[in-house]
Amino acid sequence: MAWQIVRRLLIFVGSVLVASLAVFWLLSGIGDPARVQLGTGATEEGVRQLREQMGLNRPFFTRYLEWLGGTLHGDFGSSYISHAAIGPQLADRLSVTLWLVLGAMVLSVVVALPLGMLAALWHRRWAGTLISGITQLGVAVPAFLVGILLIALFAVRLGWLPSGSYVVPAQDPGGFLEHMILPWLSLGLVQAAVLTRYVRTAVLDQMGQDYLRTARAKGLTPWQALLRHGLRNAAIPVLTVLGVQLVTILVGAVVVEQVFVIPGIGQWLVDSVGNQDLLTVQAIVITLVAIALAVSFVVDVLYTLVDPRLRHG
Amino acid sequence: MSRPVGPARNGAAEADGPVLQVSGLRIGTRRTELVHGVDLRMGRRERVGIIGASGSGKTLTCMAIAGLLPPELVVTGSVRLAGVDRDLVGAPERLMTGVRGRRIGMVFQEPMTALNPTMTIRRQVAEVLLRHRTVPRSAARRVVLDLLASTGLPEPDRIARSYPHQLSGGQRQRVVLAIALANEPQLLICDEPTTALDVTVQATVLDLILERSAAVDAAVLFISHDLAVVATVCDRILVMQDGHVVEQGATVDVLAHPEHPYTRQLLADADLSVPAGEAS
Amino acid sequence: GTSSSSSSSSSSASSSSAGAGGSSAGGATSGSSGGSGSSGTSSAAPVSDASLSIGFILEPTSLDFTQADGAAIPQVMLTNVYETLVKLDQKGDIVPSLAEKYDVSADRKTYTFTLRSGVKFSNGTPMTADDVKFSFDRVTTAWKPAIKAEMGVVASTTVVSPTVVEVTLKQPSNSWLFDITGRVGAVFSKTGVADLATKPIGTGPYVFQTWNRGDSIVLQRNDAYWGQKPDVKTVTFKYFKDPSAMNSALLTGGIQVVSTEQTPETLGQFKDTSKYQIVQGATDGEVMMTMNDGKAPLSDVRVRQAINYALDKQAILQGAWSGYGTVIGSHESPNDPWFVDLANKYPHDVAKAKELLAAAGQSNLTLNLTLPPVPYATAAAPIIVSQLQEAGITVKASDVTFPVWLDQVFGKADYDLTIINHVEPRDIATLWANPQYYTRYDNKEVQQLLAAGDAGTQEQYVADYKKAVGILADDAAAAWLWSFPNLMVADANVKGLPKNLVGEAFVLSDLSVA
Amino acid sequence: MTVTTAGPDPVPDRAAGEPAVVVESVSRRFVRRRGPFRPARVVDALDGVSLTVPRGARFGIVGESGSGKTTLMKIIAGLDAPTSGRVTVAGTDVTGRSGRQLDDLRRRLQVVFQDPMGSLDPRMRIGQIVAEPLQAQGRPGVREAVDRALRQVGLDPAIAGRYPHQFSGGQRQRISIARAVAPDPEILIADEAVSALDVTVRATILELLETIAAERSLTLIFVSHDLSVIRRVCDRVAVLRAGHLVEAGPTEQVWSHPQDAYTRGLLAAVPTLDRALAAARQRAGGAGGTGVAGVAGGTAPGRAGVAAGEPAGAPARQRAGGDPGAGSGS
Amino acid sequence: MAEPVSTATGPAVSPEPAQAAVAPLPAAERRRPGALLVTGGTIVALVVVVAVVSFFWTPWSTIYTDVLHWHAGPGTAGHLLGTDIRGRDVASLLMAGAQTTLYVGLLAVGIAAVVGTPLGILAGMTSRRWTEVILRITDLWLAFPALLLALTFATIWKSSLTSAMIAIGVATIPSFIRVVRSGTVVVMSSDYVQAARVAGRRGPAIAVRHVLPNVMGLVIVQVSVAYAIAILAEAALSYLGLGAGPTTPSWGRMLFENSSLLQAGYPVVLLWPGLAVALAVLGFNLLGDGLRDRLDPRLVGR
């Protein structure tokens, strides 16, 4: 167990190094933070001076090592642009996005599991085809459109829910829920559509299996058999997809964050990339890498929980 | 059909009506018929064996009785079970779920795939108990261990905690049997329940089937290729070939005085100490 | 110093003297007729507890405009938190603010500002001439953004007395006085610049309260303010990346004001005047299709003129910005004192365009249009491409990111055509008097006129600039499209919204909620 | 208690070549991880098993279910690696080898898996499945060979286009056998290869195996619960129990003089038709008679005489043509 | 060897019962494509045809802006489906957008599937150490924002549809790896893979003949989902200045550009590209589902 943890840690450190080097290298080739900071009012002289001040003229590796040194001290540094410390902001933004993403994932799972199973169970009936069709449309509808439509209906027309903005759950749990319902819906429904497709496939893959017949011989309805037996066996691909979704949506939520004015990490990443704010991008990417590794660890553990055959001897 | 179902020798079973009455059962795909009209009548406590060629429709017949045929197969005819006032053929799923696992227990042919690879044995056995609420949840744990032990499994506690892939074929087969017997069904259908078992375990399992079915007054529909096993278990035998029941009657009659050439052939081939060709 | 031989305007002079009396009272109760010089502040009734949320698009990257650039910072901080010695009124005239009055020497090189007394910073220290000198000196020494160059013309700043400060310029400059109505003129506390990014300290009617990054900035009324206290107690600057989200927020009561409407085509949903008001005015921004004047074939004036003839600017304005804004023909905004209407300089005339192209030997012209990711550019581009196509010019439009645009187009002038809104007020000299600028426009006469006008009297200033604007139009130095409108939508009960966006600040002190 | 056949007395008749399979003190331990945070549990499926299968032998392995037969088969076939010990097939060590190194083994050895359904790729047609070893080994005339193999196991070659799930259990098992015999292996491991077959088909298959064995000196390793099948087919037999080899030797010797109590128990438990019939008759005759099976049937009219003989019956007749069973020390 | 056996077999086992019962299914039944396949195929074919036609002919030029008719309703002034927010002919844009859509699918999804599927299979088949290496790289890659990739590629090749699509494709690879690997692991634990080993198949052949067909269902779903995402991502990237220029017709971009018309009260303009995207995605997905079901013999004929 101890070795497991050490190994994971080593992997993590290695991944962070690789990712940070990649980000450093990619961004340094794309544009000039000094120029971005000075904007359209810039003079060549001004840009040169600022580059000097920001230390951008030093060699690539010097800058990289300096950053690394800071990070090793647990310090993400301060933004090139805002000069504010990155760490605390990262924590805030990340928590916002995590709420958004986790809520949406829960919603999508709750919607997708039954729908996917129904679509599989009825795969030759019109109802199954209908579910497949609707979910496919769901995949095709961009989340921002869903968002705008939801706002137009529930916020503007009916006035039931606020049209956006974020409320810290610790301060006002009710308000938090009220504000998150629409974002969760618009992100979650699209994800649900995607997930439904995987559930359908995974469940169909299980439908011909003998153990389902055994389950039915016990007196389970086809539905129960699928629910208790099929689903568990379909869980491996579904879990995988969930893991992948969880990581990719973190950034992918940017559009929903935009439409619902949620100060999350996706939006911040886009801004920071736009501002050439290298240190901020660096911090965000490293956080994402950490999350990805954590998620894949959790998914691996879940694999072995749902499918004992994967516990290698 | 050579031998009509005469007045049964074990009249006791007939006294309170048949447990199972199958008539004119036909099974087929959309273009070929696979089973051509099977008639079968089983009394209480009666044990009926089906023997026959591989692919002759034995499994399909059993599946049809339990309503578990794959959806691409079509079934006609009638299957009636005592205590159920509906024909099981074409019965609604709701009815069938109440019947399966409760009134009809099933042991399948292939033990390797019959169990859910992702669930512990304990849960899989307990499920059938809890599904029909025959045992309170609190007692389920103990009942499961008892059931496993009664099938002759060593270390029932370890087995209960295992997953199917950790068990040998025979161990799995006994688990399936435990599931089938859990709710003391009226009718136990065993599709080659002992093929994966060694002879000692087989003897135990056969004893178990005999003993438990007797204990709960269950009728047994038993498929096996091992004539000795069939003879051990069954009072009556059906011989199937190519989707037809070619002969049926009391075990002793059929096995000792076979009439249909196919039955004779079977008996001839059953003796392994003599090569088939020379024996006949 | 003598009395102003030519102060910015007579009105400002009179207002400054009026302000003197008002400020001495300086009290909390009757701050009427303060130097704010704006209308709508006459009510002496006790101030309300109202709060207001205003939607914006661009969030500041920092609160400290001495270190970071970008129009979003002064929009929040200037005039509201920090104040300047003089400021602009709605007409664009320069009026006193922290200075009760100012005098200009005869050679127009020395400005003497008499400061208002009783003004306190939000950290409690009184505002004195020392602070002004400290602030002005600090621009050239400690500021980072390029805008600090505006203070380059100052030779020295001298403290005459605690309430009088004297600024001497290297040469006369009209723009300097205008410039110090902006960021570089902000007066900081000598003891309060340690942490400008998180603890801004100013003299303004509002104090900074909180900033939820990525979401909003909250300002609170400064109850110790020297002048007329604003009506609205709490103002939230709420930031929206998505224009339609901002509209929705207004519709659902999340905000009360949309400070700038980026999707003018959606204004229809605010038709109901009992609920909403649409405020339409001018900004200092010119949306223009800049051409690379230093690179063939665009270095040929005939080609540039042909392009101008080929464009139906009214249609472009209609299609891209639903007709909001004013078509312009040169580098000028209706806010500028030298504004002349040159919109019809190049009427839409495809035949003429083709003719000019033929004359230039460019009948089969292909140009690249490099677009920064801004809504007006992406909106105007398709129409421009279509119209130029009709005149026989094939345009290849491509999108780039903003850093790439800055690097390639703005930094290296590696482009043919681009579309951008130059929002800085009175930036004509920046664009057209510097041959190294990305416009690559090199016209000695224009350079001379702009320099002379800046150094000359106010009248000369206006006259020379008018002339320069005319030459730019003749040269078709760019294809100016429209003057960017100040388009605001607000709840009907919000009063005091500025019609024109003058200067860099979004002025809050005039707002009230009925 | 480990009994090895590779012991002191070598097989006299087969001195010519090296043994087909030599298993040297092979152990296989399964570590069952029970979730990431709980201690693992250990199962010794095989524990120090040694045995030698001479070339051309028909070697039976019996044992109770769970005794490690399948595990041993997989190790011999190079599908699983022993935790310790060594397996030599036709002179080459196969333990711990993979991929290319096993090519030679693959050409010589085929396996009929215990679980017919699981060992048939559900997405492959029967024809493809049976053809697979032939194709993998680049044999010519695949089609004919497939047809022949299917016919040999009593299936119509026309079914080659269908999928595994469309067959009955016995049919699947025959497909599995067809796949194994199609490439003419030198060594055939059959794990419960005939358990799902009716007696008629079983007889055919056994005959088929015997014929192949006789004609091309096939080494047959036959795992079964069915002792009568083992006795009929195999000249030598090994008895496994709980991962240990409890007894091994020439079949008839083990049959007539079982050394181990477990073996004796096994033999005694073999059901025979006449005993069963006698019991059945008793049940049927004595109205309400107890269903207890008597030990041996008295008179067995009709066909009873043809039924299986007593455990200690005469040597099987069919072996006359083949190699005489080799004696072995025990 | 056949002779003695077959003579021995002859009388003992009559092949007839098996033969009668196991008659081969007529080819017609096996070949009959499902409704999913037909519908999906038809829609996809329609998109292809429209794309091809648009190379040669569209009702209007796709760059022509009708300055008299902004976001006009269907049928106005010869615009069959009306005009968009910039006065361009919607029908023409839709037709030409089909090209982009197909290109997007081929390039982005193609890259992801062609690279990701083999890697995923590899990760599920190789030794634990290599699996670990591949998976950890995948995690890293997964976490790496597509936006950054898009930026980089846009810098290397100048922003274009191709650079954006390569970025999306490359960014989608890890999800293929993960999904395919999970399926592979399950397949690899089955007996039929062991049987194939015994048959003499080596890793690559097992991968192609056993693993691939058995994970194909997952791959197909992954492809169809990735396809929908790619279409929308193309639009999003081009809006950030990382994709095709504003004059390249694309359905995703039409959605983005016209989205404000929803609030402006002209939702119908949005309807067309929305329908087009939906239809294309639907088509590809139905085709995918159909293929998937086709590939599962247990479902054929049900």
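To keep things simple, chains are lettered A, B, C, D and E as they appear, and every chain counts its residues starting from 1.
Keep this in mind: a contact is a pair of C-beta atoms (placed from the backbone, for glycine too) under 8 Å apart; a residue touches a chain by one contact, two chains touch by 3 or more.
All of these numbers come straight from a predicted model, not from anything done at the bench.
Chemist: Using direct touches as single steps, what is the fewest number of steps from chain B over to chain C?
Modeler: Counted as steps through touching chains, the separation is 2.
Chemist: Using the touch definition from the top, what's the fewest steps needed to get from chain A to chain B?
Modeler: The least step count works out to 1.
Chemist: Average the C-alpha coordinates of each chain, average all protein C-alpha coordinates together, and give the chain whose average is closest to the overall one.
Modeler: Centre-most chain by C-alpha means: A.
Chemist: Write down the chain pair with more C-beta contact pairs when A-E is set against C-E.
Modeler: Here the pair linked by more C-beta pairs in contact is A-E.
Chemist: Can you check how far apart chain B and chain D are, centre to centre, with Cα atoms defining each centre and the answer in Å?
Modeler: Here the centre of chain D sits 26 Å away from the centre of chain B.
Chemist: In angstrom, rounded to a whole number, how far apart do the mean CA points of chain A and chain D lie?
Modeler: So the centroids are 54 Å from each other.
Chemist: Indicate the whole-number Å distance between the mean C-alpha point of chain D and the mean C-alpha point of chain E.
Modeler: Here chain D and chain E have centroids separated by 48 Å.
Chemist: Using mean CA coordinates as chain centres, what's the gap between chain A and chain C in Å?
Modeler: 39
Chemist: Where in chain C do residues touch two or more other chains at once?
Modeler: Only 244, 248, 401-402, 404 qualify.
Chemist: Send over the residues of chain E in touch with two or more other chains.
Modeler: In chain E, the residues touching two or more other chains are 8, 12, 18, 22-23, 25, 151, 155, 191, 240, 259, 262-263, 296, 298, 302.
Chemist: Can you list every residue of chain B that touches 2 or more other chains, as numbers and ranges?
Modeler: Chain B, residues with two or more chain partners: 53-56, 70, 110, 112-113, 166, 265, 269, 276-277.
Chemist: For the complex, which residues does chain E have touching chain A?
Modeler: 35-36, 128, 135-136, 138-140, 142-148, 151-152, 155, 174-175, 178-179, 181-183, 185-186, 189, 217-218, 220-221, 224-225, 228-229, 231-232, 235-236, 240, 252, 255-256, 259, 262-263, 270, 274, 277-278, 280-282, 285-286, 289, 292-293, 296, 298-299, 302
Chemist: For the complex, which residues does chain A have touching chain E?
Modeler: Listed in rising order, the residues of chain A that touch chain E are 11, 14-15, 18-19, 22-23, 26-27, 29-30, 123-124, 129, 132-133, 136-137, 139-142, 144-145, 148-149, 152, 194, 197-198, 200-202, 204-205, 207-208, 236-237, 239-241, 243-244, 247-248, 251, 255, 269-270, 273-274, 281, 284-285, 288-289, 291-293, 296, 303, 307, 309-310, 312.
Chemist: Under the touch definition given earlier, write down the residues of chain A that touch chain D in their complex.
Modeler: 1, 4, 208, 210, 301, 304-305, 311-313
Chemist: Would you pull the chain A residues touching chain C in the complex into a rising list?
Modeler: 30-32, 35-44, 46-47, 50, 53, 79, 81-84, 89, 92-93, 144, 148, 151-152, 155-156, 159, 162-166, 257-261, 263-264, 267-268, 274-276
Chemist: With touch defined as at the start, can you tell me which chain E residues reach chain D in the complex?
Modeler: Within the complex, chain E touches chain D at residues 1-2, 4-6, 8-9, 12-13, 15, 18-19, 22-25, 30, 190-192, 194-203, 205, 209-210, 213-214, 295-298, 300.
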